[in-house]
């Protein structure tokens, strides 16, 4: 069986490497094109990685020996792959993602640049798979033929938006105050200095609170009149912190609902929740996307981040809030669900919905 | 000049050792009596500490050679000291603090057992020095002559209650949602296992959220009709976490006021705030109790915990809240302001107000 | 196909839990008997673990619902299993291991008590599988019929003794000075206090240097005259430290040989080394037991500990020593190769050599 | 009393900031000139630091408001200061230190570039104050008038060379194998990535082992024939590691002597050791430069690095070595003794010996 040919933009970065790992032996996709900055262009992937290649010990020689192209060699990309994952910085994304789309290549992006464009789906497959319906409109308006852009939201909110979604659908979320404690891997490599995080924490992550407050409204919004209209009537306040954890973002939330549910209703909604990825049994989808833990001191990053292959959200400590209705703790793996593997899940949904061409 | 003679109950524990450090060369007090559990009784303090004595390298031989008495030897305490600091567990405090008070010894306590007794001041000298006026009533009701009990609140709330106080006085706090990230030293020694905190955090601290929600109301309350009536009209929701930090509790707060102040009003109140300890220039009082930092990524535990000799609260990131009125980050040193040195400040206030006997 | 029935002594401890994980779906063995201290006796394994059961999320209900017996219920063990793994403390091992052996049950032990008994094999299957020939003698002398004791060496030396072995066989090791930097998981749970290891290290581990100096001589020794005679002519000096690493012991070694090899001879011996476990393709054996890494800054615990399923030793930085002949860095997973999975490998060798009864 | 005017080259870096802290209120010196790279030139020190100024909270406005000059503005330096501290990189030192010296300014350097020049003292004031006698020769040969260069050795060896010195003087060191576990502050800021050090260690520090093996020989050498001849008959092998510690380098050493001392002789030599800085009571000199600790698990970085104002070396675990004669653990504060404060001590010695001009 032929698999779709995949390109990785930003292949030598941390997220790029995670994409290559996540696509090892993938049933739908095979990596055939790698792009990075000019200084890597012309090298084999193995050489381009050099000592940065810490995540790639188990990657096959077929991929390690691929040539790396400059990100501006879009023609070659057009010949060598069927769609691309974009793991580049927001600045690079601003320039190149639309060029790739214009060249006929669907772009599944981790970058933040196009996230808030009203015609670009900001996709969490368990929540808003219906937003993909905006794609034909996006192509028409932008004059693109086969290409388009789909974005993945910020890693911080993937720990709590999935569990909030079934509650919002049933009871309506009105107000939400949350504090995140985020892992250092979210800042890339070298990222956070050890002098800033050993015996310390940093109560600030540039741009993170704004994204955590704005992106959920779009994800929970509706497609109407050729754009994705953000959800209304929800206010969110986010406090974002960096802590001494390698992988796994944790959030403490206090929530006020339009209609106050019972404790048991909430836990039942979480335990029974299944989305389209579960119905379609997508390869990267966890069987159970939301895991509620009974222990009083869970979830914890080191113990729970790998649940469901790093794609499940672990929840604990659901209890009444003295100010709002309920409060709880949520955790997900920022480098899996929140980055490359989440992007792969997005592409799996696109593929099975026919957006990437013929379904093989 | 003669100094008051001081006893330490629980002298061999972490907080007990910190008391002894904090009282080295103190102008008002001198350590003359040490009590601990039966297994230390009869040993010199040096021997009783053994390898636990990690905080005492700089302590003078005069103290290191003091004998340790069993905590039940209250008669000897009565002869050898003028008042005691209690750094024992809540269980031991339940039994013994009232016995010491009944024997005529004022008890300045770090333990939680009597904190919510309506006739026991829960003292932060910058906030509620007037609560000391309940002491004669406490003595009368309990039939105590010279002894009494004054308690110090939980360490978590010392990072944020001092900065909230001038705001509450001026504008009225209505609702408060906060998340703490607390240092491991708050759990004592050995306390938190390294397996629980390296590359990890624990989103739970037993009893801490309840204390963080209840104690502030008493501290902000009023003395009336022979009891301290908790403040009304304030609701607080606390999320308490343990993180990989040695010393320094950090809190992220969202606050709703009865009257919304301006940003500048808040910062000015903080910068200008001085309490009774500052007016009296008490030895352990920081010159400026609230430090507002302009940097966007401060306060941080390792950089800011030692400000004001570990007794100042550092604040940063005051900004509008998307849900309530304002939000900010606050930090204090849990083992200094939040424990022994905070207890010493309490005793300095008691002394200058004449509650510990003649002012020398 | 019937699998051998296995008991775990000390089932609720950290190593006991790791045994249960390592035996999930094992082709030769199935867990049927669990023993622990009196306070767990009578409970299901699930209940006995309680909140300590952090390593058992993926364990099947069949095992989680097994009853836990007191360690003194040897008769029941004799009925319910074919051999036992001992993951108890040295003190408990001193009393009980020989009682289990006397009752006819082979004991595959992680405890240190019998390690230096001259008739007990101290087994690393890649190094001294021939030491198992002492077992019939052990049984005869101790009057045991079917039971016997086989011990696993201390976890610290498993990072360097396997790579030293082929070098010793070829060139003779004369002098060895080494320093270990050991993970906190080696101390069990709660083990090392966070206050001792965050922003710190401890240059001492009780008993570890003595074991690191003495056990290798026995492992490299020869069976003769009914006892295992330690190797002669080798002197070892070990410095053992605890560092802020969760899993993975690292060692820095300087070695003097009887005959000085070339750099290339050493690396070739490592790369080509295969032992009996590899020849027999034992289920827990890594395909390549010694991995030499070319990068100048490897091995590193977090990046390399899981190599070969946690059973390979990673080596790097082979270079000339200014004092002895060569120096290098070695690393292995103390909780896998160094504990339960190493014990399982021992039992796999025993099984295929016929020491556990009929080979199914 | 007039103090000597001091310039800091590399004033905005971590070591530069530590110099400014260490010189606050210094009795001999006052900071009057600051130089850094072109991008800081023209700014006030406060502005040039920006958010990098984490070590300077307590620095006076007098210094914070000083202008920063480009490092090439040597003429201005010549007018505004009497000598300079050099806290620049080795590359910058290679170009500029000799220009400052040629301009008549003594250079007290932390950089590695000139350390091995045979006419440049590599100074640890407790060990080789007599090496300063080479300075007139250095000036004559290089054609410098008042200027000269004195270097400070690498931070790693300051933890063990001071305690080795009295032993070498008495018994002769023949062979030394050592392993360091070095703090992340030694790599500057941002330096070591948190992803490399949380739950990890790095068994490699570029150039560190070579310096640790070569510099001690020069420091223990003798001035003869217009050069400093390295000590002979000593061989040293160093293994250098980076560990998750903020400040404080720890070393484990095995030592062979020409004449084997007794345990008591070694400890007595350490306890009684006083050098020229102690005899002269230099302001930055610790009263007792070598502290031997009896506890079996000391020294530890977090507990012992600040001993003697960060200038004492703490030793522990002296015991017989199975291969050489003795082994022990040594620790010093790499950012104090090993960097800026060590440089200040060097300048204090130079001052009192008259090398910096008239003694005020």
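Chains here go by letter, A, B, C and D, matching the order in which they are written, and residues are numbered from 1 within each.
Here is the rule we go by: a contact is a pair of C-beta atoms (placed from the backbone, for glycine too) under 8 Å apart; a residue touches a chain by one contact, two chains touch by 3 or more.
Keep in mind that what you see is a predicted model, and the values were worked out from it rather than measured.
*Asks:* Name the chain pair with more contacting C-beta pairs, choosing from C-D and B-C.
*Replies:* Result of the comparison of C-D and B-C: C-D.
*Asks:* Give the pair among B-D, A-D or C-D whose set of contact pairs overlaps with that of A-B by over half, matching residues by number.
*Replies:* C-D
*Asks:* CA centre of chain A versus CA centre of chain C: separation in Å?
*Replies:* 41
*Asks:* Between chain C and chain D, tell me the centre distance in angstrom, where each centre is the average of that chain's C-alpha atoms.
*Replies:* 44
*Asks:* Using CA atom averages as chain centres, what separation in Å is found between chain B and chain C?
*Replies:* Using C-alpha averages as centres, the distance is 48 Å.
*Asks:* Give me the residues of chain B that touch two or more other chains.
*Replies:* Those would be 196, 198-199, 244-246, 297, 302-303.
*Asks:* Where on chain D is chain B touching in the complex?
*Replies:* 51, 54, 57, 198-199, 246, 295, 297, 302-303, 307
*Asks:* Using the touch definition up top, name the residues of chain C that touch chain D in the complex.
*Replies:* Listed in rising order, the residues of chain C that touch chain D are 175-177, 179, 181, 196, 199-204, 213, 235-239, 241, 243-246, 250, 252, 254, 296-303, 316-317, 321-324, 327, 329.
*Asks:* Given the complex with chain A, which residues does chain D contribute to the contact?
*Replies:* Where chain D meets chain A, its residues are 184-185, 189-199, 244-246.
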